[in-house]
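Here you go, one structure.
As written, the chain order gives the labels A, B, C and D, with residue 1 at the start of each chain.
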Amino acid sequence: MAELGFIQAINQAIEEEMRRDPSVIVLGEDVRAIGAPLGEFKGLYDKFGADRVIDTPISETAIMGAAIGAAATGLRPIANIMYANFLGVCGDEMVNQLTQMRYMGGGEVKVPVTIMSYSGAGTRHAAQHSRNLYGWLMNITGLKIIAPSTPYDAKGLLKSALRENNPTIFLYHTALIKRGIKSEVPAEEYTIPLGKADIKREGKDVTVVAMALTVHEALAAANTLQEKGISIEVVDPRTLVPLDKETIINSVKKTGRLIVFDEEPKTGSAAAEIAAIVADEAFDYLDAPIKRVCAPDTPVPYSPVLEDFWIPDQKDLIEAVTELV
Amino acid sequence: MAELGFIQAINQAIEEEMRRDPSVIVLGEDVRAIGAPLGEFKGLYDKFGADRVIDTPISETAIMGAAIGAAATGLRPIANIMYANFLGVCGDEMVNQLTQMRYMGGGEVKVPVTIMSYSGAGTRHAAQHSRNLYGWLMNITGLKIIAPSTPYDAKGLLKSALRENNPTIFLYHTALIKRGIKSEVPAEEYTIPLGKADIKREGKDVTVVAMALTVHEALAAANTLQEKGISIEVVDPRTLVPLDKETIINSVKKTGRLIVFDEEPKTGSAAAEIAAIVADEAFDYLDAPIKRVCAPDTPVPYSPVLEDFWIPDQKDLIEAVTELV
Amino acid sequence: MTIGTIDRELALPLKIEKLEDLYRTMLRIRVFEERVLKEFGRGKIPCHAHLYIGQEAIATGACAALRADDYIISNHRGHGHLIAKGGKTDRMMAELFGKKTGYCKGKGGSMHCADVKLGILGANGIVGAGITIAGGAALTAKVKKTGQVCLCFFGDGASNTSRFHEGINFASVLKLPVVYILENNQYAISVPIKYAANITNLADRAAAYGIPGKTIDGNDVLGVYEAVKEAVARARRGEGPSIIEGKTYRWAGHYTSDPQNYVSKETIEQWKTKDPLPRFKGFLMENAVLSEEQIESIHQEIADEIESAVKFADDSPFPAPEETLEDVYA
Amino acid sequence: MTIGTIDRELALPLKIEKLEDLYRTMLRIRVFEERVLKEFGRGKIPCHAHLYIGQEAIATGACAALRADDYIISNHRGHGHLIAKGGKTDRMMAELFGKKTGYCKGKGGSMHCADVKLGILGANGIVGAGITIAGGAALTAKVKKTGQVCLCFFGDGASNTSRFHEGINFASVLKLPVVYILENNQYAISVPIKYAANITNLADRAAAYGIPGKTIDGNDVLGVYEAVKEAVARARRGEGPSIIEGKTYRWAGHYTSDPQNYVSKETIEQWKTKDPLPRFKGFLMENAVLSEEQIESIHQEIADEIESAVKFADDSPFPAPEETLEDVYA
């Protein structure tokens, strides 16, 4: 088993899937010479050539539109939209085309596009490069949303995405890359199914649902809380759509308490959806209000002092847990 | 008092505000010759001239971008983006520009843009012309969201929006226009503050939070339910951001039961946010699970048979209420 | 560009059947659309539709230049494109009626008809959106080396949208086999193109991408055929995209309930004198390609076809309500 | 377009102070950017920035053609634009350091600096996004009849984005007073413009909107000044927008940590021979506008200014964490 970071794990996943299936192609800015800003596409141009690793002009609507058209006619494009914040540029492709084409046509076409975007705060990139946009994406019906917290998960989930017959978005968190998070990644091939949560730590007092960055903050908090005698269970859904309700609800049945720990402004967040599901389907098991530990309802600020305040972190979680139990 | 429909009430609101404040202008497709498809801008070109009622090419990014630039330099533009479904075309303006410009610049500029868009299902316009996109809009931090259920509310809220120093979106529901919904609208000037819910019907057994179309379905259901001896309270938040949590929570304190009745796919909906707030802040008053009566997680279909099934309506609400009490 | 005449030279190399087919296709579109207007009026079609009446020569001439396996991307005014590419009028009518037998099983309606087996990748309710999608279909053809070409239909209004620029630049950079058919029917709803763009010939925008652009008479079916044939050949040779702008007019207004108050009566009447159908019929008769009787029989054939399309639509069942839940994911 | 010489005729009508100021501004930008690189290396600036080194002549020449109350819209490579429009280097440096005294109180950083009182409507982290916003500022000027003009800076990469097309078409239709300054520095991150567009001179795209487009040497500050002056005058007369493309190069790569492996050493060296600063300095000295000593003293003045800008930034406090919650709504 090798210790890999996100970039390497992602690069491996893409290379393996491109070898496995000649219909997988890459469309994006800077994928050729520098393998996209952080190197996740590095080497692929040399290995697979100009027809399969395609540098594009700065044209997110063209990238996404072309990915849709290519997918509908038999390819499996990766549409690299550098940052999730840029998804608005091809917002119509997201809302009206990619996710509706199959349905509108009565199910005749498949649209197996995998979008790949950096997401998340913590790298001092300010408001236009730091959003996860989970809630925004969840409200777009028809898109499967992947938000891995470890390189191991990233690789297995991305490989599944590339075999999916439906639109998927794979969000990889820049702060986790910057922190140098690594996983043991086996040499043998593996995939992780979309829609299967992973319990990153077992516990009995409070269920904490966390994704990507907040998983790591939750795990750190868990240690501190353990010392105070509080045991939290960290559930990482790994995909927001489809959402593994069952695992979340089973955990709540056990703990009786839920905190959703989500790095985005609270209003309209993924945390809202998860809270709403539990408030409906596991109401009888709840012993306390459902809490959301989210970012404030503001854009992401630049200054480290402000950004660190903005990001919901272990301190915020510890506070919320302590109040709840 | 005159009986007005939505289009007339909206037209009056705009005209009054344009007279009151010379910095209010209109940017949009077809606003000149036909006053936009349904006539809400009718007559304004003749009254205020080409500098203030501006026909544009089919260019939603240019409309929204220009509205932002104009607002930052002293005008109060109405950006008419015909259907809410078209907001993705200017998705970046929504996510990164309009709503973040002020914050990113440290509070130096004001961006008083009012977006006006048709929204909602029920007119057989199919997937690309029928979404409310409430959840999508709520996840865009910094936007005030108005979704009136009556012409009276529409006029008063739109006038407030046009006096706001912040970005607002005014969503007017095409099915309500088609149904010919009318209100008594006083001759005297009035405004309705953003962030103030209206209890459209008092009741004691279940709180039903409803917006735009679902308000009318809820009121119809209320009559039926009354006959069965069940009394529902219909709370119309009127604006989703800011949201009048207080009125909703007070109602739940009284009834002990909440159904959020929201015409959009359930996942990532405004209903999720409202449910999550109540599951946190009014948990102790809840006697039953929080239910969401929403549309299914699919695009909006065309055929009347299918669209009617898609739209959450009084039957669906009655069923949910009946199960709950 | 000449409006009003038809170049005999162009017709000579064509087989009689091909000429006959061009006429039949234009007529099929015309009669279909007139019937849509009527069925809309009768309440059988629950949402207004954007009619192609007056523009028949463009879709017909353009699609005649294609192989059966080539692709087309259509827009909101799509019935003509679909019919020209071989779309079945019965399944189209059924879709407009919201029936289960329609092209989208009632899910899409007028603006979303697609038939991938015929190469029809779909109409689109968002103006301009098809332009980038076309590049994707062409990319598949390029990557898989199939020799297919994608025709992409859109209007004058769409030529002002973001996707026009990104989509065509992208295709020009990658030398994708797309031919953009810009149907300049003078209006985008109520906004005249002479207001919405500062130039006369929109095909001149091709120069911004270093590709050929040509403005032609969109009501001359042979002229359209010839121009598109050349562009398609170029695309198939791997030399990249072209833009062909056909000047034309939409007689019935923007959609089925548009009184067109913003257009002068004269303008409409003037365009009607350029009706592509009688014009081509005159040509066919003058050149003895078809006799009066043969034309008569084509008219009868089409009338029957559309009549039975309506009957098919009428007789077909609506989908079951629960079908709403199907077809989101593959 | 001539690269390498400076036209004496252009300089003659200008006052000596103006010529001196052009040099001072270019130097201020250069020294500021070199210091940003250093402070980034020292960890004082927490995020990489896009440096303007090599392009100083464009912002300087262009903004010299403006009135104080005119607007500019900048992009991600914005420091030079801001300085040329009068932005204060101390508040800019403080913003880069994330300090409370910065232009955005630490909220925006390099890509979002704005100073509305100086007419600086803001940088932008989204490529192309400023192009449509510029039209709005120009619209205000038109509606309020203020005679103001808006300059809009963007790169070769941005000229391929959706907003280029919609924004410029919109401005051309409404004859808005905007001048688009297209800084063609040959690359968009690692993608050369000769790959990303099929044409050589991007200003030729002006023809798509029926407006003037001009390609000039972007490293000749007087040539830029002259071309922009003409376009600004046209805009002020109400005749609408223009595009001016300056060919140039960004020496420091895309951002502060870019090794530029994708560019040959020769290309970079060749562009360095066209450095706008020594070129203009040579001209000033040859024509006895400034003496060696005068130039020396300008260098000292700028060095001092930037030194104290850094000191200001360093000495300034960080914002309080809770300030995160302010400035969302007015």
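As a working rule, a contact is a pair of C-beta atoms (placed from the backbone, for glycine too) under 8 Å apart; a residue touches a chain by one contact, two chains touch by 3 or more.
Quick caveat: nothing in here was measured; it's all calculated off a predicted structure.
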Next item on the list: Please indicate which chain is farthest from chain B, where distance is taken between mean Cα coordinates of the chains.
Entry: D
Notebook entry, point to check: Which chain pair shares more contacting C-beta pairs: A-C, or A-D?
Noted result: A-C
Note to self: Could you work out how far the Cα centre of chain B sits from that of chain D, in whole Å?
What the structure shows: 41
Next item on the list: Could you tell me the distance, in whole angstrom, between the mean C-alpha positions of chain A and chain D?
Entry: 36
Notebook entry, point to check: What whole-Å value do you get for the distance between chain A and chain B if each is reduced to the mean of its CA atoms?
Noted result: 30
Margin query: By the touch rule stated above, which residues of chain C touch at least two different other chains?
Written below: 104, 106-108, 112, 124-126, 160-163, 166, 169, 173, 195-197, 328
Notebook entry, point to check: Which parts of chain B, given as residue numbers and ranges, touch two or more other chains?
Noted result: 56-57, 59, 61, 85-86, 89, 92-93, 96, 103-104, 126-128, 141-142, 297-299, 301
Notebook entry, point to check: How about chain D: which of its residues touch chain A in the complex?
Noted result: 46-47, 98-99, 104, 106-109, 111-112, 124-128, 157-158, 160-162, 188-191, 195-197, 261-262, 318-325, 328
Notebook entry, point to check: What does chain D use to touch chain C in their complex?
Noted result: 160-166, 169, 172-173, 195-199, 204-205, 207-211
Item checked: Sites on chain A touched by chain D in the complex -> 29-30, 32-34, 37, 55-59, 61, 85-86, 89, 123-129, 296-299, 301-306, 308-310
Notebook entry, point to check: Touching chain A in the complex: which residues of chain C?
Noted result: 71, 73, 102-108, 112-116, 121-122, 124-126, 129, 131-144, 150, 162-163, 166-167, 169-170, 173-174, 326-330
Check: Contact residues on chain B for chain A in the complex?
Finding: 85-96, 99-100, 103-104, 126-128, 131, 133-142, 241, 243, 264-265, 267-273, 275-276, 278-281, 283-284, 286, 288-292, 297-299, 301
